[in-house]
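A, B and C are the chain letters, set down in written order, and residue numbers restart from 1 in every chain.
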Amino acid sequence: MAHLMEDEVFMAFTTYATIVILKMMLMSPMTAYYRFTRGAFSNEEDVARKSSEERKKLLRTHPDVERVRRCHQNDLENIIPFVVVGFFYTLTGPEFSSALLHFRLFAGSRILHTISYTGALPQPSRALSWMMGMLVTFSMTYRVLSTVILL
Amino acid sequence: MAHLMEDEVFMAFTTYATIVILKMMLMSPMTAYYRFTRGAFSNEEDVARKSSEERKKLLRTHPDVERVRRCHQNDLENIIPFVVVGFFYTLTGPEFSSALLHFRLFAGSRILHTISYTGALPQPSRALSWMMGMLVTFSMTYRVLSTVILL
Amino acid sequence: MAHLMEDEVFMAFTTYATIVILKMMLMSPMTAYYRFTRGAFSNEEDVARKSSEERKKLLRTHPDVERVRRCHQNDLENIIPFVVVGFFYTLTGPEFSSALLHFRLFAGSRILHTISYTGALPQPSRALSWMMGMLVTFSMTYRVLSTVILL
């Protein structure tokens, strides 16, 4: 079994996939941080210790919290396809340099995307970083389907 | 490593998993398309070039956009379990014809689901296509757990 | 190909990953159950048979439905990273007892999380069960990145 981990394309894929998944996971504590600092919760039990007046005020949405949640959602929608298609792509035996280029571009694009989104940078920074990530996954999808199609 | 890709069940799984992931990814540009044509955005920086009056009008939700987003969310909730369980199922060494039937039914059900959802077709078209996809994944789950349980 | 399924760490991973994915999938019928019993739908075609007065009443959000949906979303945000990182972790060849401990803690934490969330149990039950799951995944991430980093 261990011999998958001796392949350098697979090792690179493991590294970059783990990094982008880790990045995605960090959106959860970030959401929690904004919920506490902005005072915006969605569950009654989260504000149970407060007085009933305060509770009503705290059970609300806040633009900063919603922004982080949209960024997290966009990660789910883009990073998971990358991991799935990237795994198949790795198994098609691509050139190491070409694979590395795909993985690096994707990881870079998602980090830029998070910065653009959470920092509310002027467009088209967010749109371009999102598009770069999509293009990388489409390029890998093309190689997978053109190598191993069996319908 | 390449010998996974010589197995015909794995090749079929790769093909269908990539197709449903690709279908899921296409919901993102579709959301963007509806956001622009319906004029319904959720980020201030997306409407920064407009006059301040127009901006307020454009920062809203629109039923058509929300519909595509719910469809995308349903994809995440159903396609990812299919990919994960389908991978384990493939490794349990099922009959090729049986595996192909599972994969085809699932891909078909999700394409029907997307058409039913985005086209707002009368029920139970959406409910039935969703249920067919769930049943395929449950069937694969049953085989996985009855073959390789180790608690 | 079948030899992955002869490795006991991989068999344990398959078992627990399938269980948590199955748990996540069951949130969909649970949402449907609450939508029907609470009378809270989001699509016009779902209430098409009702009179137009009833329709307006039924197209609404309900706290119980939203709670289940938030729980489902939290599953997506936590269970998928576990499955991806857990797969790489399994391939790094960890001790069987250590791997089993990780998988059991994670599955237990997510079941507790679902009970805490859907039952609206007093905090910090939900926060702690969520954190336990995150820590398990971080621990596996650490092992993966310290074993096979290739940037």
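Everything that follows uses one rule, which is that contacts are C-beta pairs under 8 Å (C-beta built on N, C-alpha and C of every residue); 3 or more make two chains touch, one makes a residue touch a chain.
Here's who's who by UniProt: A, B, C = Microsomal glutathione S-transferase 1.
These numbers were taken from a predicted model, which means no experiment stands behind them.
Engineer: Testing understanding: with touching defined as stated, what is the shape of the graph linking the protein chains, line, ring, star, complete or other?
Structural biologist: Topology of the interface graph: complete, with all chain pairs in contact.
Engineer: Between chain A and chain B, how many degrees of rotation does a Cα superposition need? Round to steps of 5.
Structural biologist: With C-alpha atoms aligned, the rotation comes to 120 degrees.
Engineer: So the centre of each chain is just the mean of its C-alpha atoms; given that, what is the distance between chain A and chain C in Å?
Structural biologist: 17
Engineer: What are the residues of chain C that contact at least two other chains?
Structural biologist: Expected reply: 4, 76, 80.
Engineer: Inside the complex, what are the residues of chain B that reach chain C?
Structural biologist: Chain B reaches chain C through residues 3-4, 7, 10, 66-67, 70, 76-78, 80-81, 84-85, 88, 91-93, 120-123, 126, 130, 134, 137-138, 141, 144-145, 147-151.
Engineer: In the complex, go through chain A and note every residue touching chain C.
Structural biologist: 1-2, 4-5, 8, 11-12, 14-15, 17-19, 21-22, 24-25, 27-28, 42-46, 48, 72, 76, 80, 83
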